[in-house]
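My structure is below; once you've seen it, I'll send some questions.
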Amino acid sequence: MQTHKAKRVEITIEAVMQNRLTDALHGAGVTGYTILPVLGGSGRSGDWTREGQIGRAGMVQVVCIIRPDRLDGLLDAAFGVVERHIGVVCVTDCDVLRAERF
Amino acid sequence: MQTHKAKRVEITIEAVMQNRLTDALHGAGVTGYTILPVLGGSGRSGDWTREGQIGRAGMVQVVCIIRPDRLDGLLDAAFGVVERHIGVVCVTDCDVLRAERF
Amino acid sequence: MQTHKAKRVEITIEAVMQNRLTDALHGAGVTGYTILPVLGGSGRSGDWTREGQIGRAGMVQVVCIIRPDRLDGLLDAAFGVVERHIGVVCVTDCDVLRAERF
Amino acid sequence: MEGIIALAGANLISPIVLSFALGLFAALARSDLSVPEAVAKGMSIYLLFAIGFKGGVAVASHGIDVTLGLSLLAGVILSAALPLVAFALLRAMSNLSRMDAAAVAAHYGSISIVTFVAASSVLEGRSIAYEGYMVAVAAAMEAPAILSALWLVARGSGGRKMEAGLWHEILLNGSIVLLIGSFVIGWVTGTDGLAQIDSFIVAPFKGVLCLFLLDMGLVAGRGLRGGRHVLGAGALAFGVIMPLIGAGFGLMAGLLLGLSTGGVTLMAVLSASASYIAVPAAMRVALPEANPSIYLTLSLGVTFPFNLTLGIPLYMAAAVALTGG
Amino acid sequence: MEGIIALAGANLISPIVLSFALGLFAALARSDLSVPEAVAKGMSIYLLFAIGFKGGVAVASHGIDVTLGLSLLAGVILSAALPLVAFALLRAMSNLSRMDAAAVAAHYGSISIVTFVAASSVLEGRSIAYEGYMVAVAAAMEAPAILSALWLVARGSGGRKMEAGLWHEILLNGSIVLLIGSFVIGWVTGTDGLAQIDSFIVAPFKGVLCLFLLDMGLVAGRGLRGGRHVLGAGALAFGVIMPLIGAGFGLMAGLLLGLSTGGVTLMAVLSASASYIAVPAAMRVALPEANPSIYLTLSLGVTFPFNLTLGIPLYMAAAVALTGG
Amino acid sequence: MEGIIALAGANLISPIVLSFALGLFAALARSDLSVPEAVAKGMSIYLLFAIGFKGGVAVASHGIDVTLGLSLLAGVILSAALPLVAFALLRAMSNLSRMDAAAVAAHYGSISIVTFVAASSVLEGRSIAYEGYMVAVAAAMEAPAILSALWLVARGSGGRKMEAGLWHEILLNGSIVLLIGSFVIGWVTGTDGLAQIDSFIVAPFKGVLCLFLLDMGLVAGRGLRGGRHVLGAGALAFGVIMPLIGAGFGLMAGLLLGLSTGGVTLMAVLSASASYIAVPAAMRVALPEANPSIYLTLSLGVTFPFNLTLGIPLYMAAAVALTGG
C-alpha cells in the first residue's frame, strides 16, 4: 500500500486553551486535527485527575498530522499559544495513506 | 531492556464504522488493538465536537501495534473500510517490550 | 523552531493498575505523563468495551515523554508493573519543544 | 385562527420551548455552555424508557384497539412514501446533488422521537387523549424511509446494494429496542407496574424534557453556526414546507384510521418530523458521500425548531378541527 | 410450593426483572443500545447512597438491635467461609485451574449490592420489615472473601503475599465508603434528614433501579456473548447451585441470630449473591493470571440473573416458612 | 450566641453538610470513590437550572422590587471592590507573589453558586423568605472581580492587557448563561411554568444537592491532599478571615438596600464565598503563571467548607439579629 511521509504533532494543553490553539492552527493554515480527552496526568505543576472535576478544568490532546514542509508553521503557531502555559508538544515521523488529504 | 521493532498504526474513523473496521482487522488476522475516544476535531468536512452529541455520532481512534511484516495486510484491511469514508491512517515506527505478544 | 530528541512511551494498562504504574514511574524519577481514557480494545484475552462498565473496569493509556537517556529506567519501572498483567508498552522516537521540561 | 395563534403563543412560552430557545441562544452566542454527551444520552434513555412504558400501560388498560395493526401499517407506508415526495420536492426546489437529496429525504420519512415526546406532553397538558400504541407506530416509522432513500440512489447510479450488517443495525438500533422494549414492559406490568415507578417516569418527566431540549438547542445552534453556509434558500424553505406536507399526509392517515384527536395529532407530528439520530448514523454508513452538515442542519436546525414551536400547535389545531374533538 | 411459584411469577413480571431481561435481550441480539459508563456509575452512586441512608434512618428510628454486632460477625464469617465451600465444589464439579477456581470462589463469598437492593425492594413491595443495619452487614461481607481466596492460592503455590496497597484499596473501595458513609449520615440525621431528601432517595428509587438493571442486563449479555465459550457445563451448574448453598448458610445464620423475616431473607440473599465490582478489581490486581471472563460470566451472567428472577422469591419463601412470618 | 451555636450545630448535622464531609473523608483517606465528571457536570446543570428558574418564578409572583436594580449594582461594586481588600490582606498576611495574590483575590470577589444554593436551602428549611432576584445578583457578581484582579497585576507589572476573547468567555460562560437564562424562563412562565416541572426542580433538589456536595467534598479533599504544601499559615488564615470580612461588607450592603432577612443573608453569603469554576478558568487563560493549586486549595479546600459549615449559620444569625427578622 502506497504511503507518504508526514509528521504527527501531539499537543497536550489545558482545556481552556483549546479554542485558542485551534484558532491559531487554523490561522497557520492547519485545518486537520483530532482532539482526544485526557483523564489526568502529572508534571511540574503536580498531579491532577479529571474525575469529579467541576467546571472547565482538565487537559486535552490535539493530534495533528501534516506534510513535513508545513511543520515549522504549525510549531510556530502552537508555540505562540503554549508558550506561557503548561503543556507539551511532541513531534513524530509517520507515514500516511491518502497523502492528498494533508 | 530488550525491545523489538514494530509498527504503530493509528486510525481515526467515524464511530459508526468502528465495528466494520475491527471486523476487517480480525479478518486480516489483527487481533490486538486499543480504541480511544475522540472529543472533536477538524478536517475537510469541517469542525465537530462530541459534547452534547445525540446518537452514535463522533469518531474514535483505533491504535494497533503490529509486527512490521504484517503492516501491509493491516493497511489493506483498513483501507477497504476507510476508503469511501472520512478518516485518517497514520503509521509510526516503534519499539515494543514482549515481542511475543504481537 | 528548535526541537530536541526525546522518547514517547505509551503504556496501555488496566485501570486498576494505573496508580501502581504511576507510583513506579515516580519512583523511577519520571514525573511527567499524561493519561488517556480507553474506550475498548481487543487482545489475547478477547474484546472488551467501556460502555456500561460497572466498577473500575477498563484500561487507560499512559503517555510519557522523556529524555532518551532516561528511557531504560522508565522501561524497567514500567515492566515491573506490567509484567504479570495484560498491557502493551510501545516506544517511539520523537522531537519536543522546550527540552528543559523533560 | 385566533385559537391557533393563542395555542401557538401558549406553546411558545412553555418551559420546554424556552429551554430549547436558551440552548439555541447559548450556542449561537458561542457560550461554552454544554451538556456532557453521557448526560444527554442518559436523558434520552430516560425519555425513551418513560414514553415507551407509559404507552404500554395505556394499551394494557384500554385494550388493543382494532386499528393498532392498521396504524402500524399506515406508519410504515408513510415512512416509505414520504421520502419520495421529499426527494422530488428537493430536486425541484434546491440544487442539492442526487445523493444529498436522497439522504435528506430519508430523514423526513423517518421520525423525531423528541418531537413526538414534546407533542404528547402538550396533549397531556391539555388533557387530550391519544392512543397509547402511537409509540409503537413511532418505532415502526423509523426505518422504512432509509430503504426508500437507498432505492432512490440505486435507481440513479445503478446498483448500490445495501450492506447486510446495516439492516441489523437499523432494526435493532438502541432507540427502537428501548422504545419497543419498554412498551412491552409497560404492557405486561400494566398499571401495577406503573404504580411502582411512576414517581420516576411520570412526575419528573417534563423537567427532564426541558433539560434535554436545552441540549437539543445547543446542538441545533452549533449545527446552524457551522452548517448555514451549506444550505441555499431553496433547501431552507424545504425545511419548513416539507413538515407541513408531511403533517398533511399524517392528518389524512389519522382520519382514515379513525384515530382519536390526540392520535391524529401524533400521526401528523410523526409524519412532519425528521430524524436526527437513527437516519444520520445509517447515512454515514450507507451514503458516506452525502454531506452530513446538510441533512443535520435541515433536520435539527430548521425542521425540529419549526415543529417544536409552530408545528405542534398547528397540527393539533388542525386535528381538533378535523375530528371535531 | 404454589405460593413460591406465584411469588416467583409475580417477581418475574416486575418492571425491575423485565428491564434486566430487556438489557439481556438487547445485548444478545447485538443491538447497539448502551448506557454510558458515567451514567451507570452515577446510578450506582445514587443507589448506594439511597440504600445506605435509608438503612441508617431505620437504625436511628428503631434503635440498635442487640444482634447488630452478632450479625456483622456472622457476615464476616460467612464471607470468609463460603469461598472454601465454593472452591471445593468448583474443583469437584469443573475443570477450572486452582487459580481460576480460587478467583471464582472469592466472588461467591462476597456480595452483590444490586441483588441486595432488588431483594429489599421486593420486601418493601410486600411490606415485609427487615433490620436497617443489614446494609452494614452487606458492607462487612464485601472483603473477607478476598482474603480466603488469596489464602487458597497461597496454600497451593506457596507464599503469595498480599500486597500492602491492596488492603487499603479493598477496605476503602468506593462502594464500601459510600454505603457505610451514607448509612452513618442516615443514622445521624434520622427521620428529619430523610424528610429533607426522601423525594429524591425514596420516591424515584425503583425507577432508577429499573434503568440500572437495564444496564446490568446489557453488561451481562455482552459478557455471556463473549464468555460462554470459556465455561463448561460444570462451571455453569456451579453458578446455579452455589447460590442455593450460600442461601442455605445465610438462612441458618439468620435464624440463629433471630432476625426478622426480612432480615433472614436478606442474609440469605447476601450469602447467595456473588460480587462483580469489588472482587473482580481486587482479582485483577492480586491474581492477574486468573481469567476474568470466567468469573465475570459466572457471577454476572449466570448467578446474578438466577438470583434476580428465581433466587429472591425462593429465599423469601423459605424465610417466611422458617420464621413463620 | 447560644442561638448561633444551636443553629450551627443543626446545620452541621444536615445531610448536605455531612455528604460534603463524607466526600472530604473519602478523598483524604485515599478511597477510590469518585463521581464521573459528566455526572458532576450534569448535576451542576440541574442545580443552576433549578435555582435560576425558581428565582425567576419568585420575581414573577412577587413583582419586581424597586431595589432590584440597586442590588445588582451593589453586587457589581462588591465583586469589584472585594479583590482589592483581599489583595491587600494577602500581601500583608502571606508571602504569596503579586501574581498569586491577585489571582486569589479574584476568586474572593467572585462567588460560589453552590454556597449560595446551600444557603438558600437552609433559609427555605427555616422558612425565611428572600428576594427571588438574588439569583441575578449572584450572576452579576461572577465577573467584575476578574477585572479588578487583572488591574492589580497590570498596575504592578505594567501593561498586561486583557485579551479580547476572554471577555466573551467570562460574560457568556456556561453557568452565567444557564443561571440568567433559566431565571428569565422562570420569570416568563411564572407559577404556571413551575407547576409543570416542580416535581423535577423542587422536590428532588435537596437530594441532588447532597450528591453534588459529596463530589465537592471529594474534589476539595483531593485538592487539600495535593495543595496543602503550597499554603503557608498566613494564606490558610486568610481563607477563614476573608469570608468573614466579605460577609461583613455583604451584610452592610444588604441592610443599606433594605433587603429582607433572607436577602441580607444571601448578600453576605455571596460576598463571603469564593469562586472555583468561572474564575479559575479565567485565571488559567489570563494569568497562567499564577499557581492554580494555591487558589483552588484556598477557595475550595478552606473557604468553601468554612462557609458551608460555620459561615452560613453565622451570617444568617447576624442577618436575623441586624434586621430584627
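We just call them A, B, C, D, E and F in the order they show up, numbering each chain from 1.
Heads up, the rule we're going with is that a residue touches a chain if its C-beta (ideal position, glycine included) is under 8 Å from a C-beta of that chain, and two chains touch if they have at least 3 such contacts.
As the structure is a computational prediction, the values presented were derived from the model and not from experiment.
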Mutual neighbours - chains that touch chain D and chain E alike: F
Most remote chain, CA-based centroid, reference being chain A: E
Taking each chain's C-alpha mean as its centre, the one farthest from chain C: D
Chain centre separation in whole Å, for chain F relative to chain C (CA means): 38
Whole-Å gap separating chain A and chain B, where each centre is the average of the chain's CA atoms: 18
Separation of chain C from chain E, taking each centre as the mean of its C-alpha atoms, in whole Å: 34
Multi-partner residues of chain F (each touching 2 or more other chains): 32, 34-39, 41-42, 199, 203-204
Sites on chain C at which at least two other chains make contact: 36-37, 47, 56, 92-93
Chains touching one another, given as label pairs in label order: A-B, A-C, A-F, B-C, B-D, C-E, D-E, D-F, E-F
Contact set on chain A toward chain F in their complex: 14, 16-17, 19-20, 45-58, 84-86
Residues of chain D defined as touching chain E within the complex: 36-39, 41-42, 45-46, 49, 53, 168-169, 172-174, 177-178, 181-182, 184-185, 188-189, 193, 196-197, 199-201, 203-204
Touch list for chain D against partner chain B, complex: 34-37, 40-41, 44, 165, 215-216, 218-219, 222, 226, 276-278, 280-281, 284-285, 288-289, 291-293
Chain F residues within the chain E interface of the complex: 13-15, 18-19, 22, 25-26, 29-39, 42, 125, 199, 203-208, 210-211, 214
Interface residues, chain A side, partner chain C - complex: 10, 12, 36-44, 47, 59, 61, 72, 75-76, 78-79, 82, 88-93
